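Heads up, the next two complexes both have chain A, just with different partners, chain B and then chain C.
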Partner chain A sequence: MGTLNGPLIQAAQGALQALLILALAPGLNGIIKKFKARLQNRVGPPVLQPYYDLRKYFAKEPVVSRHSSWILPMVPYLALAAYTVASAQVPLLGSGAGGDLLAFIYLLALARVGLTLGALDTGSNFGGMGASRELAVSVLVEPVLFLSLAGLAASAGTTRLGALAAGGVTTGDPGRLLGAAAFAFVAIAEMGRIPVDNPDTHLELTMIHEGMLLEYSGRHLALLTWAAEVKQFAVLAVLANVFLGLGSFGHGALTLGLSIAAVGVLGLAFGLIEFLFAKVRFFRLPRLLGASFLLAALSVVTVLFLGR
Partner chain B sequence: MRGTVSAIPAAALPDRVRALAEGGARLVSMVGTDERLSEGFYNLRYVFRLPSGGVETLLLRLDPQDTTFPSVTPLLPAAQWYEREVQDLLGLTPLGHPDPRPLVLHEPWPRGYYPLRQDFVPPPQEALVPGEAAPLLPSPRVVGEGTIAIPVGPIHAGIIEPGHFRFGAVGENVLHLEARLFYTHRGLEKQAEGKDLDDGLVVAERICGACSVSHAVSYCQAVEEALGLTIPRRAAYLRTLYLELERLYNHVGDVGNVCAGVGFAFGVSGGSRLKEKLQRLNAGLTGHRFLRGAQAVGGVRKDLSEGELGLMQTVLAEVEAEFGELTEVLFANTSVMDRFATTGVLKPDHAHDLGVVGVAARASGLALDARADWPHAAYGDIPFTVVTEPAGDVLARVRVRVREVAESLAIARAAVIGLPSGPIRLTPAEVAAAALASRGAGEDQVGDGGGRGGDGPYRTGMGITESPRGENVHWVMLDPDGHIARLRVRSASFTNWPAVPLTVPGNIVPDFPLINKSFELCYSCLDR
Partner chain C sequence: MALGVSAATRLLGVTLVLYLVGALAGLLPAQAASNDGGRLATRRRAAARVSHALSLLAAVTGLAAAAAVLLSPGRELTLGLSLRLPYSLSRLRLDGLSAFFLLIISVGSLSASLYAPSYLRSYEGRKPTGWLASACNLFVLAMVVVVTAGDAVLFLVAWEVMSVASYLLVMTEHEDPAVRGAGFLYVIMTHAGTAFITAGFLILMRAAGASDWASFGLAAAAMRPGLRDLAFVFLLVGFGTKAGLIPLHIWLPRAHPAAPSHVSALMSGVMVKTAVYGLLRLVFVVLGGGPGWWGLLLMGLGLSSAVLGVLYALMESDLKRLLAFSTIENVGIILTGLGAALFARSLGLGPLASALTAAALLHALNHALFKSLLFQAVGAVHHATHTRNLEELGGLIHRMPQTALLFLGGAAAISALPPTNGFLSEVLTLKGLIHLGASAPLPAAKLAALLAATGLAFAGALAAAAFVKAFGISFLGLPRSDRAASAAEAPFGMRLAMWLLLALCLVIGLVPGPVLDLARSVGDAVTGGVVGAAGVPRAPFVGNVASLTPVLAVALVLTAAVAWWLARVWSGGRPVRVAEPWACGVDLQPEMQYSGVALVKPLRLFFRTLLRPERSVTREDAGSPYFPTVVRYEASLNPVYERYLYVPLRRGLLAASWQLRRIQTGSVQAYLAYIVAALALLLVLAR
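Up next, the complex of A and B:
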C-alpha cells in the first residue's frame, strides 16, 4: 500500500474514480427508477433513460432569463465540479484511497450555496421557494452530516475518509451502526428523495430541489441533472464504504466492485423507502431530522466512550 | 323540476331572497337572458330549490333603459359569481356587490361588449390588445412584516389547465388565497344560440371531458322537459348506467391522483391503471373513452347488448377487487393518512353559504346528491345511499369517493338487473314534431320558468344530473322553431371553485396541490 501513498498517485486515483462515478451515476438513477416503476406495477423507462435524457438536454440550447446575472449560467458548472471533486474523496477503492471528510462536507456545502444563489438569481417564485426550503433543510441536515462522521473521525484520529472506512472491520460496532442510521437520513435529504423531497414531481408548489432547477434548460439543465446524480452516488458510496465498512476489504478491483454493487443495493433500498412512504409535511421535517441528529450524537458518545 | 315562477319588482328581490334563504332554500342557478326582442326586457331568473323539494323561480324583469339590479350576494354569498357573470356577459350591473371585479372576461376584452346580448357584435381585432382595455380592479393583498405574495400560474410546470393562484403568505404559512380562473372562456353558451337540438347536444357534451355524460344528459333532460317529452324506460336505465360508468372512472382516477399531491406513487399508478381499464371498457361499450355520442334528445343512441352488459359486469368486478386492494393499502399507510387528515378543511357553513355541491359538500356533512334530490334517469327506481363524511378535510373527500365507488357499482348492477326491454329513444320524427309544435307543449308550461305562462312560443326547461363533481344544471329556452334561444350551464365546478380558496389559509403552501386535487374541480366547466 505504501507505494500508492504518493500524492501524485493518489490524485490520479481520485481523478479516475471521479470519472468512473461520473459515468456510472446516471445509470444508478436509471436502476432506481426502473425498480420503483416495477414496484408500482409499471413497466417504467429503460435503465439507460437518464443517459438519453442527458444527451437530449446537452443537444438543446440553454435559455437564460434576461433578468438573471452571471451567477445563473455559472452555477451548473460549479455544482457539477463540486460534486465531482467530492466524489473523488470517497474511498471507493478501499481504505487506502479517498480524501478528507471536511473537504467532502464543504464541497457539498459549496454546491448548495451555488444552487441556492442560482435559484434566487432570476427572481422567480419557485426558485425562491426551492432555495428557502433547501436552506431550511440544510440547517437540519448539515449538523447531522458532520456529527455522524465526527465520532468515527475522533475514534480514528484522522479526518481521512479511507482511514475511517478501515475501522469498519469490526462488525456490529454500535457507534458505527448508529452513525450509519443517522447518515441514512442525511442521504435521503441529500438525494432529494421521499419523505423529504420528491424527485418525480412537477407540482411547483411542493418542489425543493426541482424548484431550484426550474429556470434552467438545455446544457445547464444537463449539468445540474448530472450533478444531482453524481451527488447521489457519492453520498451512497460514503454510506456503503465508510459506515458499512465495505471499504475495509483491502484495496483494489475487488473492493471497487463490491463498493459499486453496494451502492446499487443501497439505491434500491432508498427506492423502496420512497415507494413505501408519502412525502412528509414540510414542518414535520425538523422532527424527522431531529431524530437523526440524536442518533448521530449517540454515535459520537458511543464511539468515544464505548467504541474503543 | 317545474315549480312556481313569480315575477317580482327589483326592490322586492332582497327581501324575497332573504326569506327564501332563511327558510332553507338553496340557489340552484341564476339565468340571465336578453329577451328585449321578444319581450322587451332583460330577464334574470333566480332558481331556488325549496326544502320541500319544490322549485321556486324569482323572475326579475329589467328595463333596457336601466340595467342595474340589487345584488343579493351580501345576503346569499352563493349568488356572487352568478351576478359577476351576468355583469360581464350581459352588461347588467349588480348594485352593492361586494366584489364587482370582472370574472369571465379578462383584461384584453374591451369594455362595452356583452357577448350574450342579442345585438352583440364581436369587438374588432385591434381592440383585443392586452393592456389597452380597462385594467382589472386590484386584487386584495396581504400586508405586514414578513408577508409575501406568491403568484402561481396561469401557466404551470405540469400539464394542467390554466388558473392563477395568488397566495398571501408568511413563509410557508398561507394567510390568504385568491384564485383567478376563466382563462379560456369559449363562449359555448353563445355558440349554442340558434343551434338545433342535435347541434346543441354536441356543444353541451363538449363542455368538459370528464363530465361529458353528465352535461349531455342534463342538456337532454332540459330539452325534454321544455318539449314535454318522456323518454322510454330502457333509455332512462341506460342513462343511469352511462352516468355511473362516468362516475366510476372519475372517482377511481381521482382517488389515485390525490396521492400525487403527497408523492405516493403507488396510489397514483394504481389509480391511473384502473381508470385506464374503465376507460377502455367505455370505449368498448360506446366507441368513446369519455362515453361521448351515446346520448340523444329523447333517449340514448347506444343500446347495450347482453354481451356488452356481461363484459361490463366482468370488468367492474375486477375493478372492484383491485380498487379494494388499492384503498386498503392507501388507508393503511400512516404517512399518507398523516397528510390527508386535517388538511384543507371545508367548513359546513362555508359549504352551505357558497352553495357547494357534490363530493365536496358531502365530505363536509351536507347530504346533497342530485341523484336523490332530483331523481333523474332511473335513480328513482334504484335504492342507494347518499354518502357523507363529517370532517371536510382531504381525507373526507377521498373517503366519500371511495365509498361512492361501491355505491356506483351497486347502482350499475341494479340497473343491469332492472333494465327493461323496449325502445331506447323516441324517434327523431317524434322529437322534431314536439320541437315544432310551438303551442303543443303549452299546457305543461303554466307557471313555468319562462315567465310567459302557456301563451308564448318560447319554452323553457331545466335538466339536472349528478356528475362526478356534483350537480350539473342545464337550463334551456327554445324558440318557436325548436332552436336554442338560450342555454345556461351551471356546472358543479362553478359552485365549488369559490370554496377552494377558503380551505387553504392555515395550511402551508406545499399542501395546496393536495387540497386542490382533493376537490378535483374542472377548469373547462367554468370556461364554457
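Up next, the complex of A and C:
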C-alpha cells in the first residue's frame, strides 16, 4: 500500500462505516424496543418505527425558544457530526479499519458539551436539569471509559482501536472480559438506558438525555434522535469488536456481518437488563460507576500482570 | 528565518530596551504633579498609550528573536553588556528552551498590549493608568530576563523583580481589604518560594564554585546523590509555589483575579510558565534528570493539582477565580507530563521522554493562548457589567455576540475538544502516558502511568463541565440582573487582542505540524539531545497526532454540512418558528433558570468527601413559617489543604513567634550581645 493510498483507503473505510452505522442505527433501536415490548407482553411498535419517527420529525416545523441564540439550532448538526465521525473510529470492518481511541473519546465529549450548552440556551429550567445531570454522569463515566480502553492500548502498544480489536476472539481472556464488564456500564450510561437513565420517559424526576432534548422540535429533533441512535450503535460496536474481539478477522464481509449481528445481540441483552432492573436513584450512581471503575482497574491489572 | 546571529542578538537587546523605555515612559506624568486634574489625566492616558505601544513593539521584536533561534535548532545567542558586574549579571543566553518561553511571553505581551489601552479606560480618573502600564512593562521585562538569564544570580534578581512588579499590579484595587489580603498572601508565598529556589541554587553554587548554568551542570554531574536529591526537592518546592502546585497554590486563586484582567491573563497564562521553565532548566538541563522517584513525585503532585484544581474551578461562581483554579489544573497537566518525561528518562526511554516533554511544552504554549483569551473575555464581561459573579449574568450572547464567540472558542480549547489546540496537547500527553504504560519495564510503573492518564482524562471531563457552566450560565439563557441585561459589546482594541489569540488557537489546532516540530526539537534538546540525532528515532506517535486534528476538523465540517443540506431538503426547507418556551404554564422568569451552583450540585454531592461543602439556609417570615418572605442560601467549601496544612502551620508559626518574645527584651545591649555571639559562631563554623 503506497503512502498516499493508506490514508485514502482509511478515509474511505471510515466513511463507509459511518454511512452503514447511520443507516442501521435506528433499526437497532427498533429491534430493542420491539424486544422490550414482547417481554412486557405488548405487541409494541413495528421494528421500523424509528425510521418512521425520523421521517415524521423531519417534516414537522422546527420551533425554537424566544430566548435562545444561534447555539440551539447549531447543536443538532454538531452532535450528529461528532457522533458520526466517532462511529468512523470504530473498527467495524475488521482490525484494519477504525481510528484512534482518544479521538473517539473526545468526539463523544464534543457532542456532550454541545448538547449541554444547547440545553442551557433556551432559558428553560428543564434544560438546566438535563444538563446538570448529564455533566455529573459524564464525569463519573469518563475514567471508566478511558481506563478500560487504555489498558488494552498499553498492552497493544498503540492507541489505534483496530489494533486493539486484533487480540482475537475472547476465549477466557480474563483481562478483556473484565474490561468488557466495565465498559458495559459505560455503554449503559452513554446509551441513556436503565439503570442510569430512562429512554422512555419525559418525567422530570428521572430524565437526563431526554431533558436536554425537550426544547427541540422538527428537523432539529430528528437530527438529535438520530445522533443518539448512532452513538448507541457505535458504543455497542466498540464493546463487540474491541472488547469481545469480534473485529479481529481482518477485512471482509464476514467480520462486518458478525459485528452487526453481535451489536444486535448486545442491544437485546441491554434491553433485557432494562426489562429486569429498575432505575437507580441518581445520587446512588457513584456507587454503580465506582464499581465499574474497579472492574476497569482490575482488568488493567490483569492485562498488565498476566499479559494477553 | 534568514536572520543572522548578530541581527537576532540585536533584536533581543532591542526587546529589552523597548520594555525598559516603555516602563519609564509610563512613569513620566508623575512629575507633572500639577493641580490641573484634567491635564494630568490626559498626560497619564498618553503615557499609558506610549508605554503600551512600546511593549507592543517589544513583543514583536521578542517574537522575531525567539523565531530566529527556534527555526534553526542548535543555535544559541549570547548578549553581553560591557558592564563590569559581578557574576555574569550582564550576560543573557537565548537557546532553544529559552526561545520557546520567550515565544510564550511575547505572544502574551502582544495581546495584553493590544487589549490594555481600551481596557484601562475604565480605570482612568480612578487609578494612575501610566503607572499600571509601567509596572506591566517591568513585569514582562523581568519575565524575559528570567528565561534568558544564563546565571543563577541574575535569574534570582529577575525573579524577584517579576514577583514585585506583579505584586504591584495585584494591588491595583488596594482600597478593597480582600485585595490587600490577597497581595499580602502573594508576597509571603512568593518569597517563601524564592527562599527555596535560593537554597537549591546555593547547594549547586557551593559544588560548582560559579553561578552560571554550565558550571552548575558540570558540578551536578559529580555531586553526591543525597545532595542532588535535596537540591531537587528545594527547587521543586520553590518553582511549585510559583506554578501553583497544590498544596502550595493558596495565593494563586486570590492574587491572579485581583489584578486588572490583562494582567491576570499575563500572570495566569505566562508567569506560571516561568516556573515550568525553571524546572526544565534546572531539573532537566542542569541536573540532567534523576532517579525514578523524582519523576513519580512530580507526576503525583501534578496529577493531584490537575484533579483538585479543576474540582474547585467547577464549584467557583466568580469567573476570574474559576479561571485561576483552572490554571492550577493546567499547570498540573503540564507537570504530570514533565514528571512522566523525567520518569521515562530514568528508565532510559529517551524518545518517549522527549515526546512527553514536547507535549508539556506544547500545552504550556496552548494554555498561554487560551487562558489569556478567557481572562480577557471575562475582563470584557466585567468591563460591560461590572460583575464577575456568574449568578448575576446570563444571556450575554445576545448583547456581546463577539465576546461570547471568543469565550466559547477559548472554552472549547481549554476543554480539549477536537479539533482545537487544547485537544492536540492533551492527546499528546495522554498518548505519551499510554506508551509509557506500554514500555515501562515494571508492571507497577505501567499501572502508575495508566492511572495518571486516567486521572488526566477525569480532570478533562471535569474541565469540560466547568466551562459548560462558565459559558452556559453567563452567556446563555436569560439575564439574571439589570447589569447583564444592559451590557454592551467590548471596544475594538479588546476584541482585536482576543481575535488574535483565538486565531492562534485555531491555527495550532488545524495546522499542528510547525509548532509540533518546534516543541519536539526543544524536547529533544532538553532531554539529553540524543533523540532526533542520527540513530535514535523519535517516538512515532507524535507524528500521527499532527495529522489527527486536521482530519477530524475536515470530517466534522463535511458531515455537519451534509447533515445541514439533507435536513433542509428532507424538511422541505420549512422556516424555524420562534416561540415562548414552555414553563409549566407561567411566564419564564430569570430566577427559574438553573443557577451555576445548582448546575454543579450533583457533582458537589458526589465529591463531598473531597470538597467538604457547607451550606446554611435562613428564612425570614412575616408570621407564618409556610410563607417565607426572604430565603437566604449560603454555600461554601472547606478546602482540605487549609484545614490540614495551613491552619496547623499558622498556629505553629504564631506559637513559635510567641516563644521568640522571650529573647526580644528591647534593650540595645542585649541585641549587641546577640550580634557578637552570632559573629563568633559564624567565625567558628565557617573557618
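Basically, the second predicted complex is superposed on the first by the 299 of 308 C-alpha atoms of A that agree within 3 Å, B and C clash if a C-alpha of one lies under 4 Å from a C-alpha of the other, contacts with A are read in each partner's own complex, and residues count from 1 in each chain.
We adopt the following convention: contacts are C-beta pairs under 8 Å (C-beta built on N, C-alpha and C of every residue); 3 or more make two chains touch, one makes a residue touch a chain.
Predicted, not measured: the structure shown is a model, and the values here were computed from it.
With both structures placed on the common chain, the touch criterion links A:218 to chain C but leaves chain B unconnected.
Annotation for chain A, partner touching more residues between chain B and chain C: C. Shared-chain residue A:129: touches chain B and chain C both. In the superposed model, A:112 makes contact with chain C only, not with chain B.
Contact with chain C, but none with chain B, is seen for A:64 once the two complexes are overlaid on the shared chain.
In the superposition on chain A, A:283 makes contact with both chain B and chain C.
In the superposed pair of complexes, A:275 makes contact with chain B only, with no contact to chain C. Of the two partner chains placed by the overlay, only chain B lies in contact with A:200; chain C stays clear of it.
When both complexes are overlaid on chain A, the residue A:301 reaches chain C alone and has no touch with chain B. Residue overlap on chain A between its contacts with chain B in one complex and with chain C in the other: 125, 129, 132-133, 282-283.
Put simply, chain B touches chain A in their complex at residues 150-152, 156-158, 171-172, 259-266, 268-270, 273, 333, 335-336, 338-339, 508-513. Put simply, chain A touches chain B in their complex at residues 36, 39-42, 125-126, 129, 132-133, 194-195, 198, 200-206, 214, 274-284. On chain C, the positions that touch chain A within their shared complex are 395, 397-398, 404, 412, 415-418, 423, 426-427, 430-431, 434-435, 437-439, 443, 446-447, 449-451, 453-455, 457-458, 460-462, 464-465, 467-469, 471-473, 476-478, 541, 544, 547-548, 551-552, 555-557, 559-560, 563-564, 567-568, 570-572, 574-583, 588, 590, 592-594, 598-603, 605-606.
Across the complex, chain C is touched by residues 7, 11, 14, 18, 55, 58-69, 71, 73, 76-78, 80-82, 84-85, 88, 100, 102-103, 105-107, 109-110, 112-113, 116-117, 120-125, 127-129, 131-133, 135-136, 138-143, 145-147, 150-151, 153-159, 215, 218-219, 222-223, 282-283, 285-286, 297, 300-301, 304-305 of chain A.
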